[in-house]
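Next come two complexes built around chain A: one with chain B, the other with chain C.
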Partner chain A sequence: MSTWIAACQTDDIDPEDVIPFQHEGVGYAIYRSPEDDFYATAGHCTHERMLLCDGLVMDNTIECPKHNGRFDYTTGRADGAPVLVDLPTYPVRVEDGTVFIGIG
Partner chain B sequence: MVVVGAGECGTRAAFELREAGWNGPITLVGAEHSRPYERPPLSKYVLTGSEGNVEPPALYEDGALRDAGIEYVAAATVTGVDREGHEAVLADGRRIPYERLLLATGASARRLPVAGIEAGGVHYLRSRADAIVLRDRLRPGARIGVIGAGFIGLEVAAAAAARGCAVTVIEAAPRPMSRAVPAAIATAVADRHRQAGVDLRCGLAMERLTRQDGALLLELGAPREAPGPAVQRLPHRRGWSGPAAEPHTYTVPRPSEALPLAFDTVVAGVGAVPETALAEKAGLAIDNGVRVDDRLITSDPDIFAAGDCCSFPHPLYGGRRIRLEAWRNAQDQGRAVARNMLGDGRPFAAVPWFWSDQFDLTLQIAGLPDAAAREVVRDRPDGVTIRFGLGDDGRLLYAAAVGTGNAVAKDISLAEILIARRAVPDPAPLTDPAVPLKTLLRQAPS
Partner chain C sequence: MVKARERLQRYSLVGPEGERAVEAGLADGTDWFRSDVPRRRMKELMRRSDGPAIRDTVIWLGAMAVFGTLGAVFWGSWLAVPFFAAYGVLYGSASDSRWHECGHGTAFKSRRLDDAVYQLACFMVMRNPTVSRWSHTRHHTDTLILGRDPEIQVMRPARLAKLLANFFGLVDVPVALRDTVLHAFGRLTAEQRTYVPDIERAKVFRTARIWLAIYAAVIAACVLTGSILPAMFVGLPRVYGGYMLYVYGLTQHAGMGENVLDHRLNTRTVHMNRVHRFLYWNMNYHVEHHMFPMIPYHRLPELHEEIKDQLAPAYPSLWAAYKEIIPAVLRQLKDPTYYVRRELPPGAPPLHARSDGRALAQ
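Up next is the complex of A and B:
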């Protein structure tokens, strides 16, 4: 069972971009795709735990700002070295302009 | 398929061979004893981290070698290649047959060309083993002399300062990281070191090293500008960016007036030398590294070379032959060479990219900093300046910046894409921080 947490408003994020979100000491990254769909992943890279929100979003990819490891943020899939471990993802729901993420 | 060298490049290549569909045997031979690991942390948190946080990451997850069916032969050196018989020969006499062979032998730390070096006590930093020994020397209050203000020298200096050492850096060139980064970036980094109490001295030549009462005494020459009686050829350091430079000529100054400096430990970061011994012995063409073509093939069509050990023509820079000492390049070439070993035959054209961490600063460079005709800058409201190098034809050839944390990453990544697309960006939006760089991508066809 997920708990739904209001993370941000839809227009807090530019299309094809990412923002950070904190909840109970845990970091998340919330994405808006070029098609205006919303996604959420863990906030830190699986390589050396850098904050992903400083990285570049291109299409469905987030590039880690530190060593350019890449993930598909819609699935969490790591694209290969230096990132070898997939990124946890979280379900997202949008209601009346608010983005909710499901955690737990 | 046999891979010589289990560093970043060779290890990535071994996995990519399997990924790309090779079903036959893959043997990865490495001279080091440990499980293949990432080298960049050796001059960063391996030196500064608290106990328990000093291991550089392994290059693959537990069980991955077995899953991929790669045979890893550790602590074994390949000493010969029988090109006729298609066999790699190990130091202990073992012979491993190959269809295709990859040389990913990397580079080793250049030794100091200075009188008295036999006094001992000079540390170099290339391997995990080197880092463990050096780490132990960086005790609070220890007098650490760093020779060479290239990337490794400066990262070691920053780590030593962070550990509470008294740090002096001696650089022969007039400024740190000469030619490898734009001057303004070198200045910003130098300022940061001085602010942290690092005694950074440029334009000085080393003359002699002696040992006295447990300390190492380093005699220095006068600034480089001073007229000198002799001309000495010293290898000019390029850090791990850009083409390794030609040997650099400078005048040896008149006998020094300066007092010798006393250190507990001297660390030399005076560049790296490509590991070409095996290739030379096998009679392969050498040209500032193992010479390969744009498909990373050596002068023998069944032998490939990639990573720090090879020089290759770069299509984005007019086919200019370069050798890179950069982590991303080792990864990119590792992947590309694996596919070419299986007959893919695509030229390697990835944009050179590297980073360095010193104190709270990260610098990133995409492209080749010495390739451009002119530089234009984007001064961002957050105080970060991104420097773009343009060619005669207006093409974007490099982008470089330094900033705290990860502040420069997005813009450098966007610039990297523009460079790969051979974009000729209009300088006005390029320099206008109000125009997101991403909008320039739309004008640059992929």
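Up next is the complex of A and C:
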């Protein structure tokens, strides 16, 4: 059973971009796709724990800012070296302009 | 004075120095200086496109086709020399920057184009695509960190004979061939085992076997034709045309401070003319590249303009860079603790107190 946490407002994120979100000491990355859908993943790359919020969002891909490892942020799937471990993802829902992520 | 042999041992990835670097917090990799560029501008600079790299790749491979054809036409006469000289630099030197940019996945927007040029460039520059991807990943995490960085070209003290021999491919090429044979037999060197994950190793071995088959075909063609002409096109250009790879590459970090976490202080940006920047695909903007590895090569000049006030001054030319590098490397032969201290301009933000520009370990 997920606990829904308000992470940000929809306007806080530009289309095709990502922002960081912290909750109880854990980092998350919140994405807005080019189609205006919202997604959430762990905040750090599974390769060397770089912050993904400084990375580049291209379509459904987030690219890590240090070693250019790529994930599909809609599924968390790692797209090959140097990222070999998938990214944890979290359910998202949007209500009245607020983005909630499901934790736990 | 530190003994040369003892100090050189500290570069080993399988010695104790790497553990010391980890314990000292030098090998974390998550903490590096980045100039403050507004997110929207950064997104603009990071944006990928296929156009510039397709244009440059057509020119690169097209020029190789033209020079190679003319070299073959005039083969047997001195007229072939300038054409193979040009072909060799395009093959043996320009492949280094294509390996680099496509390895980062930033040259093209299309992942397939990036991968295709990466595989070709790897073959030309004789670097296993999987091993070198992981070694370069480590280089970015631990740039010039003793015991961690597998890509330190100029140690302190420098192995001068090796450096000079490499301008003619006399060390790196035999080592690359030895490694390819080793990989073909399903093995890695001890150092490669420290950074190539188990799950990636099958790819290393498969590529090595394919490459050996290509080399065998080239040798067979030489034997059958009674001429080295086939090898002048494939393999040998890495030997006779690889010198510019080192002319460019040594400017990146030679003589700079080790165990420094701020890339402004252990890396050079060198201004070069258009021809050099084409061959080197703007890798001369190397401080900027280490700071922001996601910026495509064709946007690096813009990034440089954006952040140059926060960097130590760029070197105005290759000549200016080597006027610093050569004396520094020669001085390090006698005093390995010496390094080039770069000074940030007044007002430039420091990374943090732990790395204020002074090497932490001598």
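Some points to look at:
Quick note on the criterion: the second predicted complex is superposed on the first by the 104 of 104 C-alpha atoms of A that agree within 3 Å, B and C clash if a C-alpha of one lies under 4 Å from a C-alpha of the other, contacts with A are read in each partner's own complex, and residues count from 1 in each chain.
As a convention for this text, a residue touches a chain if its C-beta (ideal position, glycine included) is under 8 Å from a C-beta of that chain, and two chains touch if they have at least 3 such contacts.
Everything numeric here is computed off the predicted structure, so don't read it as measured data.
Aligning the two structures on chain A places chain B and chain C in clashing positions. When the shared chain is aligned, chain C comes close enough to touch A:49, but chain B does not.
Within the superposed three-chain model, A:32 lies out of touch with both chain B and chain C [touch as defined at top]. Of the two partner chains, chain B is the only one touched by A:85; chain C is not. Contacts of A:63 after superposition on the shared chain: both chain B and chain C are touched. Common to the chain B and chain C interfaces on chain A are residues 47-48, 50-51, 54-56, 58, 63, 65-68, 81-82, 84. Looking at the complex, you find that chain B touches chain A at residues 12, 38, 57, 59-61, 64, 327-328, 331, 335, 353, 355, 362, 405-407, 409-410, 413-414, 417, 438.
The part of chain A that touches chain B in the complex is made up of residues 16, 47-48, 50-51, 54-56, 58, 63, 65-68, 80-82, 84-85.
Touching chain C in their complex are the following residues of chain A: 14, 17, 47-51, 54-56, 58, 63, 65-68, 70, 81-82, 84. Contact residues on chain C toward chain A in their complex (touch as defined above): 29-30, 32, 34, 39-40, 43, 46-48, 104-106, 109, 130, 133-134, 137, 140-141, 197, 199-200, 292-294.
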